[in-house]
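Here the chain labels run A, B, C and D in written order, and each chain numbers its own residues starting at 1.
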Amino acid sequence: MNSFGERFRFTTFGESHGKAIGCIVDGVPAGLVIDEDFIQSELDRRKPGGKYATKRNEADKVEILSGVFEGKSTGTPIAMVIYNTNQKSKDYSNIKDLFRPGHADFTYFHKYGIRDYRGGGRSSARETAARVASGAIAKLLLNELGIVVESGVYGVDGIEAHSVDFDFAKKSEIYCLCPEVDEICKQRIDEARNEHDSVGGSVLVRIKNTPIGLGEPIYYKLDAVLADAMMSINGTKAVEIGEGVHSSNLKGSQNNDEITKNGFVSNHAGGILGGISNGDEILLKVYFKPTPSIFKPLRTIDINGDEVELKLEGRHDPCIAVRGSIVAEAMAANVIADMLLLNMGRTIQSVKQVYTK
Amino acid sequence: MNSFGERFRFTTFGESHGKAIGCIVDGVPAGLVIDEDFIQSELDRRKPGGKYATKRNEADKVEILSGVFEGKSTGTPIAMVIYNTNQKSKDYSNIKDLFRPGHADFTYFHKYGIRDYRGGGRSSARETAARVASGAIAKLLLNELGIVVESGVYGVDGIEAHSVDFDFAKKSEIYCLCPEVDEICKQRIDEARNEHDSVGGSVLVRIKNTPIGLGEPIYYKLDAVLADAMMSINGTKAVEIGEGVHSSNLKGSQNNDEITKNGFVSNHAGGILGGISNGDEILLKVYFKPTPSIFKPLRTIDINGDEVELKLEGRHDPCIAVRGSIVAEAMAANVIADMLLLNMGRTIQSVKQVYTK
Amino acid sequence: MNSFGERFRFTTFGESHGKAIGCIVDGVPAGLVIDEDFIQSELDRRKPGGKYATKRNEADKVEILSGVFEGKSTGTPIAMVIYNTNQKSKDYSNIKDLFRPGHADFTYFHKYGIRDYRGGGRSSARETAARVASGAIAKLLLNELGIVVESGVYGVDGIEAHSVDFDFAKKSEIYCLCPEVDEICKQRIDEARNEHDSVGGSVLVRIKNTPIGLGEPIYYKLDAVLADAMMSINGTKAVEIGEGVHSSNLKGSQNNDEITKNGFVSNHAGGILGGISNGDEILLKVYFKPTPSIFKPLRTIDINGDEVELKLEGRHDPCIAVRGSIVAEAMAANVIADMLLLNMGRTIQSVKQVYTK
Amino acid sequence: MNSFGERFRFTTFGESHGKAIGCIVDGVPAGLVIDEDFIQSELDRRKPGGKYATKRNEADKVEILSGVFEGKSTGTPIAMVIYNTNQKSKDYSNIKDLFRPGHADFTYFHKYGIRDYRGGGRSSARETAARVASGAIAKLLLNELGIVVESGVYGVDGIEAHSVDFDFAKKSEIYCLCPEVDEICKQRIDEARNEHDSVGGSVLVRIKNTPIGLGEPIYYKLDAVLADAMMSINGTKAVEIGEGVHSSNLKGSQNNDEITKNGFVSNHAGGILGGISNGDEILLKVYFKPTPSIFKPLRTIDINGDEVELKLEGRHDPCIAVRGSIVAEAMAANVIADMLLLNMGRTIQSVKQVYTK
């Protein structure tokens, strides 16, 4: 269960402090120019380091092992590996037998009877680098059709964007969507870190120029798969499509998007109707909990059931929404690539189109 | 793409005004007592009719066609069919060539080039009866292990529950979780209908007594699959696990659930850590948009792109969250049944347990 | 695990003596004209009755419940049901607690702890009617692209065809491919029945006009999936592609198919290279064991482990290869339909073709 | 489509002359002791080199990148990589634009419009090393339950074993099952090589001590999945279960396996009834075509459609059945591991067994 997608499908492996992490991306159409620099640049956006992320020192250098020949995809699986270079730097004896609150230590131990306690093992957000690598290839595919996936931080610690500017987000140190709140959000993150605490945040993802028709009813709807994709990201606790939670407070007459010759008058739907893209901008919001790793003392138990006080040390993102933004964007790209391939056989006309010379 | 689940897997078929709807449930362990009355009673909870639902007159009588022998499951697929008895009562010529705003008419037509316009065809919430039938079998399985799935309406038109009482919800005409707001919620629904409008609402689902360990990381996490399941329900626009959206406004020190000998001190996580059940109550909220079918005039276009004014008539739920509550509950049961089966091979010990006499 | 296929995917249900059997066919492109008479005619070819088949009296009348609107597929799942009309005619008390040699009674009972003993329950070849129904829809799709799937009986009781004539097979009472051996094969079947015994047989399937490129390496190769499909048919014990077993006795210089401007010089490969169709005729052979149901006494045990002598009575096909031919043909059609849809996203050019207006 | 299995599932990557090949094995139960030396020893059995195989010089050194902690599986995906060390030794300009008869060059080029021509790229049997790595882990799992998978060469160039001795096969240079024909088979291989030709061969796989009940009807039957697995191996043209092709020449009274208190009297079925293991030895035969790479001149065409004479040089297995034997054995182990996990939820009793303390 470490694969995602049906036709554009990636499978990831790796633990936080194992030898390597990586993925195999299956279903990439042949003939796609694979720009390795672009893939690396996407990984660099998610990379640890910087003022508002963990201080873990990882180059996150991605290496392609297969599936690319003379710069192009060949239709065979593209394997990518990222060796962990900074994985031996720490002594884990203090948390080896403890369950860190808010982490998966407790559940992994009880499910599997064994766990790689070093940095959370498989449950570490380090795994998300592999998603970003796959997402980069997805983006290369989407780019051929003019589809654009973007993201940014919408809220931090309760402060929300007044307006959204995805270009600004690309430059912001915290990928903040709003120039007006960029500074205050950074302050909040700083403060939380200084107080040995952490903050939550939210992320907005926008997908532009999708053709009408993406999404496979009833059980592979576009919104359902996006929700699945987003909720699978470490720390996500809520997903909204379009108007989201707020739509439940509206009247039908307020929430319906009327249609004219020029298209939809509004976009409460977030670009999806009946689980299928309607051609409008797809908008989704992802809510991240505050980083569970904080440096304040916490009550917990050890694997013997004895109560202990946990005093964490080390390096952690004070706000996982920041790098989570890049991961959410990558997952959205992965979903759209998959939906594009799935949608190809939608009509007898589209089938004939491909097979008739 | 009309199947849901990996090991406990159901596949549905049918349109709102076709001959029948139904499902095949695959993966049901053999030897389970199949209580047909219980399945019917679950369908009756979702059934149209009543003061706060559509007036469509459907008995929703379910018939089991296979997979059950002498009252027990045999390990073979259980097919269930519900014949549509009230499907010919209406003239659809007025909406045949129009796209109803907020509905899937527009996207189905553009995706498939053809659509069954009668009552929304496949995109109708009528399909959810099949999910409830499957969910009923899932519940029979969960019941063997003492697992309980419950639901209720948490909010209507912005009014939210003050407290939650799942037993009260079972008796409420609108499945309302809170006796204090039951009346006002019903009023709001009535008012909306009288104004030819509709209201949104939210639903809370609770799952009790799950074993620790349900959920398959990284891409079949319990929360991710629940989000997928909920977002696939007609009209859902947001899903929250545990603290949900609110967690993004909290500090790590506020949101972490500390652990003592007696278990988790709080349950911000909603019973899931790292995508795996932690043994605590699983809590999720589902937000439904207001019913798109309203009787106020709406601007739209027809299949030729010409602008027209739509005047809907007929019978519709004024608040889809009400019956959506039962569907969300059924989907949660389906997910948990699937996760139970998937989790069986988690350790070499559990494998040996099953194969060693 | 009652589904077959990835994109053209059918799921079957039903027992030999339950209420009904049937299937849901998912992934049928929209806009395909669904000729119900053709579907019925395919079922009629497989139908029980006639001199060389079981005497069970079943009309095998298929009814479409969904997915078709105004004579065309809509892209939604097509459910088909065949009610069992002749299922109550027999007393099964004599075999209820016995394991018939050569049948799945033993394994179903031990696997599931319960079995529907009436006519073999789910393990009955009656289930294959659902495959034929799905295969008929697959053929309608293939027909749009000029692809033709045919089959016939190649051997009976060790007698093999001297030459193959698929048109003759269509008219032969036993679907025999060779006019010269048609009579002797029929005699052998008659003789076996008169001796209360049964005979084995083999079937040849030919697929013409497939485009080059069908089959998904490495683990959904065309030959591998055909082998899977054929081996899943009741009574199959061997599958050959092209030269098959015989190729293992050849030299490379004998077995290689050289290529000229006019195409392949020979077709030892059976139209498949590296798991992908090469445009030549696809040829496969399927070997069926003799019907296990014979009327000679057989030693067996009952569910308590006590030894008993089994004296079967009733009605059975004396040679399952005969009707097996139609099932093999249907399964081949199902596989090719699936491969056609899967192959659509093979190149970035084919993706662009479908999405660029 | 580069994954195999449902619950014990591996995904492979890599080309013959790319950087590396490898796999991710998903679904391995936690707590299994992972003996790396054993995995390497299995790869060594399949490794190129030796008198009867290609002279390609590859250490085939496997490295585990994830999923193992302190010597045990953790329940997370196990990634394994084998770097290609001998991939740059050759000039491929002579075959770059040609289609080698009997190879996948033609089909890959036409399917994908691009191909990695170096050593067959992805279609090379080099990929099978990854299957053997996964199969080794499967064997470690099977070993915990006492299940044994063995293989050997049954026939070469028309010479067949007089008797089978799996222990002898382990020591034979060509994995020959029969001491009496070992020498003559080796001679035949030598002769073919000296004549710049190649020979076909067949392989027998035996699986002992399987529990009754493995195999998921109707579309994941044990025999069907074994056929799929075997037919996916490079060069396989036929698969038989038990009596195989021969069963089609038998009478029911000859082919049925009667049952006594002591079990089945015979094993024509090859240990599988109705697609489910019956507890007897599972026996299957796999038929390999002669290696298509021969050094005699062959007529072919180039990518422009012009006719050319191909004169291959280099290093190739003169009989792919030899190393194919090890691959078939590995694939069988992979299938059985998968079936073991799938079968765990077969009854409500087995479910309760795992969840009740």
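In the analysis below, a residue touches a chain if its C-beta (ideal position, glycine included) is under 8 Å from a C-beta of that chain, and two chains touch if they have at least 3 such contacts.
Owing to the predicted nature of the structure, the values given are computational and were not obtained by experimental measurement.
Student: Identify the chain pair with more contacting C-beta pairs: C-D or A-C.
Tutor: Counting C-beta pairs in contact for C-D and A-C gives the edge to C-D.
Student: Which of these, A-B, B-D or A-D, gives back the B-C interface, meaning over half of its contact pairs coincide by residue number?
Tutor: Checked against B-C: the matching pair is A-D.
Student: What is the distance in Å between the mean C-alpha positions of chain A and chain D?
Tutor: Their C-alpha centroids are separated by 37 Å.
Student: How big is the gap, in whole Å, between where the Cα atoms of chain A centre and where those of chain C centre?
Tutor: 44
Student: Give, as an integer number of Å, the spacing between the C-alpha centres of chain D and chain C.
Tutor: 26
Student: Would you mind listing the residues of chain C that make contact with two or more other chains?
Tutor: Expected reply: 1-3, 12, 27, 30-31, 75-76, 108, 111-113, 122, 217, 342, 346-347, 349.
Student: Hey, which residues of chain A end up touching chain B in the complex?
Tutor: Of all residues in chain A, those touching chain B are 1-4, 6, 12, 99, 101-104, 106-108, 110-113, 122-123, 127, 155, 157-158, 192, 197-202, 212-213, 215-221, 223-232, 234, 236-245, 247-261, 265, 268-270, 273-279, 287-294, 296, 298-301, 305-307, 321, 342-343, 346-347, 349.
Student: Where on chain C is chain A touching in the complex?
Tutor: By the definition above, chain C touches chain A via 7, 27, 29-32, 73, 75-76, 141, 144-145, 211, 217, 340-342, 344-356.
Student: Can you list the chain B residues touching chain C in their complex?
Tutor: 1-3, 11-15, 18-22, 24, 26-27, 30-31, 63-67, 69, 72, 74-79, 81, 108, 111-116, 121-122
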